[in-house]
Amino acid sequence: ACGGNDAGGGAARDQIKAVGSSTVYPFAKAVSETFARSNPDFKSPIIESTGTGGGMKLFCAGIGPETPDISGASRRMKASEFADCQANGVTDIIEIQVGLDGIALASAQGGITMNLTPKMVYEALAASPYGGEQTNETWSDVDPSLPNQPILVYGPPSTSGTRDALKELILEAGCKSNEDMSALKESDEDRYDQICTEVRSDGRYVDQGEQDNLIVQKIEGNPNAVGIFGYSYLEENADKVQGLNMNGVAPTYENIASFEYPGARPLFIYVKKAHLDAIPGLKEFLGQWTQMWDRDGELAKIGLVANPEDVRERALSAATNYDTLDGSEL
Amino acid sequence: MSLTILLLLALGLGLAGWLAARARAWTFRRASPDGRLASLPTYHAWYVALWIVLPVLIFIAAWGAIAPGLVTQSVLSSPAADQLPAFGFQRQTILNEARAVATGAAQGVFNPLAREFVEPYREAISRYNWIGIITTLLIAFLGGVYSFLRLKPDFAARNRVEKIVMAILLAASLVAILTTLGIFVSLVFETIRFFGMVSPIDFLFGTHWGPDPMANPDNPDASRYGAVPLFWGTLFIGAIIAMIVAIPLGLMSAVYLTQYANPRVRAWVKPALEILAGVPTVVYGYFAALTIAPAIRDFAISIGISNASSESALAAGLIMGVMIIPFVSSMADDSIAAVPQAMRDGSLAMGATTNETIRRVLIPAALPGIVAGIMLAISRAIGETMIVVMAASTAANLSANPLDRMTTVTVQIVKMLTGEGSFDHPATLSAFALGFVLFLVTLGLNFIALRVVKRFREAYE
Amino acid sequence: MTVVHENLENTDAKMSARDVSVFYGDKKAIDNVSIDIPTEYVTAFIGPSGCGKSTFLRSLNRMNDTIPSARVEGTIMLDGEDIHSPSLDVVQLRARVGMVFQKPNPFPKSIYENIAYGPKIHGLAEGKDELDAVVEKSLRRAGLWEEVKDRLQDSGTALSGGQQQRLCIARAIAVDPEVILMDEPCSALDPIATAKIEELIDELNGRYAIVIVTHSMQQAARVSQRTAFFHLGKMVEYGRTSDIFTNPIEQRTQDYITGRYG
Amino acid sequence: MTVVHENLENTDAKMSARDVSVFYGDKKAIDNVSIDIPTEYVTAFIGPSGCGKSTFLRSLNRMNDTIPSARVEGTIMLDGEDIHSPSLDVVQLRARVGMVFQKPNPFPKSIYENIAYGPKIHGLAEGKDELDAVVEKSLRRAGLWEEVKDRLQDSGTALSGGQQQRLCIARAIAVDPEVILMDEPCSALDPIATAKIEELIDELNGRYAIVIVTHSMQQAARVSQRTAFFHLGKMVEYGRTSDIFTNPIEQRTQDYITGRYG
Amino acid sequence: MSEHIAPTRTPAFEARLKKRYAAEKRFKAIGLSAIVFSIAVLIYLLGSMTLNGIGGFQRAEVEVQIDFTQAGLSADPALMGTQEGVRSLESQGLPDVVDYFASESLGDEGAEEISGQAWRQVAAEIAADPGILERQATFWLPASADLASGYAGEGSQDMRELAAQLASEGKLEKNFDAGFFSRADATNPQEVGIWGALMGSILTMIVTLALAFPIGVLAALYLEEYAPKNKWTDLIELSINNLAAVPSIIFGLLGLAVFLTIFPSYRSAPLIGGMTLALMTMPVIVIAGRNAIKAVPPSIRDGALAIGASPVQVVFHHVLPLALPGILTGTIIGMARALGETAPLLMIGMRAFVASPPDSFTAPATVLPMQIFLWSDEIDRGFVERTSAAIIVLLLFLLLMNGLAIYLRNKFEKTW
């Protein structure tokens, strides 16, 4: 390309660009690879893992060749981000839920085994359980049915989507089982947020960056440690680590897909409708996604979980009819 | 495209000017009685070439900036312009598309309206291309003629060419200032935005760090934005533990290499040590996380510290120390070798042993260089992220216990910027504030270091 | 080969060299030199540039050891003891045979620290008081005390050239050596500073055995009682200074003295 | 203040200095010196170390410009033209007034390149043949041709000290200067090399105006016809070399000549 | 005189001397052990990397015999080697043919476990030698990631058994994977290659060098040779020293805020990466360059000035050539640092999955350290060895650069 033209903003692009969540990234890569293989006429798409927030910022910066066509997200787009998009001219956005990611609690093979509930996890990990002081040092302090072993949990950092899921699906669930807390949610939402979602920082919960592999290796080296990571890592390392039951349910594919195991969260991609005609191959690329997200498709192979039937229908429709997102839903 | 053509045109004209001026200078020279010109023919040639190329380049730069605007102006005056939506982003997008198609950079458009403008764009672009080319030729011609007419046997072409060379040199050294300014500018706005949400007092003096990027951005909990644990972690890991490893090892290596080792050994060992600095930090990170950190934990447990964790500031600091050994050793090596031989002779002639000479004379005399090396090493350690993430976790603890988990400023910057939080959230903006503070700190440190070194050097000379 | 004047008194030799040759790699820089350095007198080495004066001087306190390519053959004795014998340690040798260099080379430390350096590393003074006394005594002997007594904490490098050179002499004296070797100590100095140093050498004469290398015959004539003339690595002639300058025996000496070369 | 001997022939002055003072910062290194440098003779500057010989010499081709703290007052003329006037370019001045330094400083390039460098940058030779001729002529004049003609591509730094110094002289000659300034050109050389350089100066004498600084009175006596004696920044006495050495008028000159100091 | 015993000859002095020599020995030993320790760490790191990484240059492959005489495929020689040719083979059912013969050779279970893209390798071999289509041929095709990890003794029980069975039949082997050096990133560790990242690194380094070297050298020349000593040059010096010390991530923020604002469509491109790294490398070159320039003896400058060279000529004809070895050393050190840098590139989009090697400075790319970083967090375990292999490639690249520096230094080094 010629550098001189860029200042005018008129350079075009013949390559699909996707940004966004690191959770969607592996699947996006797989889709892009297959897409490139089966459509050699198109250049292979560029997939960049920027994190959901960073991706949204790039995505909503405007339309045109210099902005990405697709943004992956491990959470739904926020209203504020939608507004940002609108303000910058990104008016028609297609939202596609591509699958689910389950978060799983696990320990090393042969290590500690427990039958947990969200309430126990909340009490073990909260900075101040129910507003009181966190005094639990061992699992048996939390609940006598649990082993008398020190609490040590390796988990995702506050900036990651997995952590968001942990908060929303497990911690809050455990917290809300207390009636005072449900009441608090009505009266003082900030305080409720703080009590119910803040994780202890005294070293019993260790935030291991976004390096899920490292968490696996760390719990492998310490039989008393518990790791929290995406379900895919559990599956890939089934010979090294074992899932911990929650509410008596084991973290398996079926249980996550049926939402019996708490901790499944949806994964999305957002697509600019305006780019569909301008970027060569973008439509075909969306088609590729729909072909790979079935139960026995690539999605499951890399450890993510397929959408339930109804969601899949809706997603398929969005991906083929290009339905646009209604901001008021967010 | 057209700019490329203009650039080639400029260079071609410059070359022509160059050749013509050189030929002219040679005729002067043949004609002059002593065969001497005030300047060599090549300088005459360069003088003319620069007179042609520089104004043209300035014109091209300016043209590149204004021509698209002019093109757009003329397109807007076409009849189809009435259909354009009112001002705003949308309109710009349509025009951009039309231009992309007109220049052949894109095939399809995603706004049908844009098709209407393709033709006007094509016309306007070709019209302005011609204007650009003609102006370029004109400027080149004027510059060439003006400078060519000034050539005389006693014309001091060299002085003028050299003035331009000097200007280029000066410009090169200004890049550093521009970069500094650029860093300042790229950090300061977001930092101010951040401080609009979280007060600087809370940020600089608070002792709890735990921003929640998913929380409601409108009402951030300032008590979670206390950066003191980060600053402490940075200092503790990068400037204390790592330096406790790197300074003695680096300095002693340098001393051994300069004063004791056989020069042949030195020629091999010095570059070998420099490899340590080039090993990717991911590698060190794995090494620290999977080998050193567990070993430290096992050791701590074996001496009775039961709650030792398998991530620790110590593990990260130790490995970081190893990584920066070459920074200390290479700089120290150079500056010890640069101490005048007279100092060494003077001390040895007093009956000092080699180690007394090194410790009492050479190291003090080489101190400015050693300090500079250490400064570089510290800043490299402060800037390091991967090792810390992997070996010392990302938990912000304010603790003096090296076996605790800790984190550093740069780790948090990366974490906040690449996380899932949205970009108008104070948690994400805090990365800019952290970067800004870090930048000011290194600036301050360097200011002091420069002062110290300068004073030292003055005394020494 | 060397002409030694016969009218020399029979004095004790503080140092004596026998058949000393010095090589730099394969190059012979000093060729078979034998000489006795008496305690009572100042001995001057003169000769054209590159003739080996410095090389020979440096072999007297084994400073040539610091040059990897240098190699010394022959014997050099200090008080009858071979300076290369293992029983005489090189550190001790250098403490006993001090050296002052052509270019003043004070350490970049305070004046006080410059002088105290030697006594400290050799442990010659215990406690601050004793050290203070040594520093004062050395500076006094070097004729520098009055000039610097109020600024002992200033850097030694902040002094003028002549003062720096006297500081270096004081530094050498501070460890109470037996011999002081000076390699063109005034060549970097102006005439006034030179005069002060020469005065100082006169004063130190007798207390220490002094050897001075100089390219200035005038200086040799002024400060020394014995003169050795070197030429192309050989010692050509050795005798009383007055004799060498007025009645040189060798033709080469005479040519040099009268300015035929050099 | 300067004593100028009266029996000097009235010769053309190639260069003349009038009331020249040179300062390093606030320090006056040269104090009101006036002198005429004749074309026909070799002029020697002598005087004790630090008296300002080099400083004055360097102001004759404005090499002092390179020292930021140095400042020159008074006028210096070359062929009647003020060397500080804007119309006389400093680069051209230096091409007309060549300089040879105390320490031989050939460029680390081949012998050929060393000599050819000046003609190249000044455009004095067209084409390879002419350049070859200039190189040969300069080396011949410097008496070096026979020794190096077979190894013109060897590095200039691979020559012996004396050869290097002659190379530097050849390099200076190659740009066909009018004046050659030499600052102690032999002080780093052995007697044999020195003799060669002196021979060379004798040969060049007459073709170029030559000024030589030396610390060796013998050398001054051998090579020069005019001598100026400097002391503490002042020019004390100027006259025929034979007169200065045999009948100095000033007491200080006499003291210096007879070795009272220096 | 004789009654005065010099303090340097007393027994006390000699006793102290012993201690001083002991101290000397200790000091020397400490120095030596510092070096030995550092070198040992280096050797350990390099050694363990090599051991881990050697396997990364291999991949598990299965043996498939295809009898083309039965397959009825035809190849148009004119199309061979083009996309068209591959497509025509595909449409003639080559994938099915491969599948069929895989089942023949390996059994149904085994055939499941050859990589889905394996037929492309067959197609490539047909393109190279269309004559194959006339006969029976044996191919070694990449195994699936699962089978590969089963072969490595990991993964599920089934896979391990299958792998053991195939291996005992001699149909599953680890072979040197030359394609590792010619492919780009992929999702299957069996099919990844390092060439894309290497190419990205090379392109990025070229941009960095092309910008940082001239700017750095010119700035160093200006500061050392011409700059008057005043507040302005102090400021320049301060900012250069400071830039050498600023954490690299901040350069990433600069690149994001400045370069990507000016050139928004070149996100992930080596051009922007190189520009960002150039700003980071330039100060290192300036600092090293100034030291090298300072070391050129003033006598050389005087010599040139005295025959009438202008200051600019002095610098470009004499000072610069002599300072070059030192400048080169600094350049290589700076470039080595830039080569291993990830943090600033995270900010400007070089953390991307790029499945085809970049072909220009503006094509999206990733670089070696980033590839290592990305692979190290891959879910698939097959990436562990590949990561180590990539590290080895990076280290070799680094050694090559260091070697080049030493070579250039020795070549240009002149004595004076």
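Note that the chains are named A, B, C, D and E in the order they appear, and that numbering of residues resets to 1 at the start of each chain.
The rule is short, and it goes like this: contacts are C-beta pairs under 8 Å (C-beta built on N, C-alpha and C of every residue); 3 or more make two chains touch, one makes a residue touch a chain.
The UniProt protein names, listed by chain, are B = Phosphate transport system permease protein; C, D = Phosphate ABC transporter ATP-binding protein PstB; E = Phosphate transport system permease protein PstA.
Predicted model, so just to flag it, every value in this text is computed and none were measured.
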Set of chains adjacent to chain B and to chain C: D, E
Contact distance in steps, from chain A to chain C: 2
Chain C to chain D, fewest steps along touching chains: 1
Two chains sharing the most contacts, counting C-beta pairs only: B-E
Chain at maximum distance from chain B, centres defined as averaged CA atoms: C
Chain B-chain E separation of Cα centroids, rounded to whole Å: 20
Separation of mean Cα positions, chain B and chain A [Å, integer]: 34
Distance from chain D to chain A - Cα centre to Cα centre, in angstrom: 83
Chain B and chain D, separation of their C-alpha mean positions in angstrom: 49
Residues of chain D whose C-beta touches two or more other chains: 91-92, 121-122
Multi-partner residues of chain B (at least 2 other chains): 158-159, 351, 353, 356, 417-418
Set of chain A residues in contact with two or more other chains: 7, 9, 11, 50, 65, 210-211
Touching chain combinations (by label order): A-B, A-E, B-C, B-D, B-E, C-D, C-E, D-E
Chain E contact footprint on chain C (complex, rising order): 39, 89, 91-92, 95-96, 121-124, 175-178
Residues of chain E that touch chain D when the two form their complex: 228-229, 297, 299-310, 313, 317-318, 322, 414-416
Touching residues on chain E, where the partner in the complex is chain A: 83, 86-87, 117, 120, 154-156, 186-187, 262-268, 271, 349, 351-356, 360, 362, 364, 374, 376-381
Residues of chain B that touch chain D when the two form their complex: 29, 35-38, 40-41, 156, 158-159
Chain C-touching residues of chain B, taken from the complex the two chains share: 340, 342-353, 356, 360-361, 364-365, 459-461
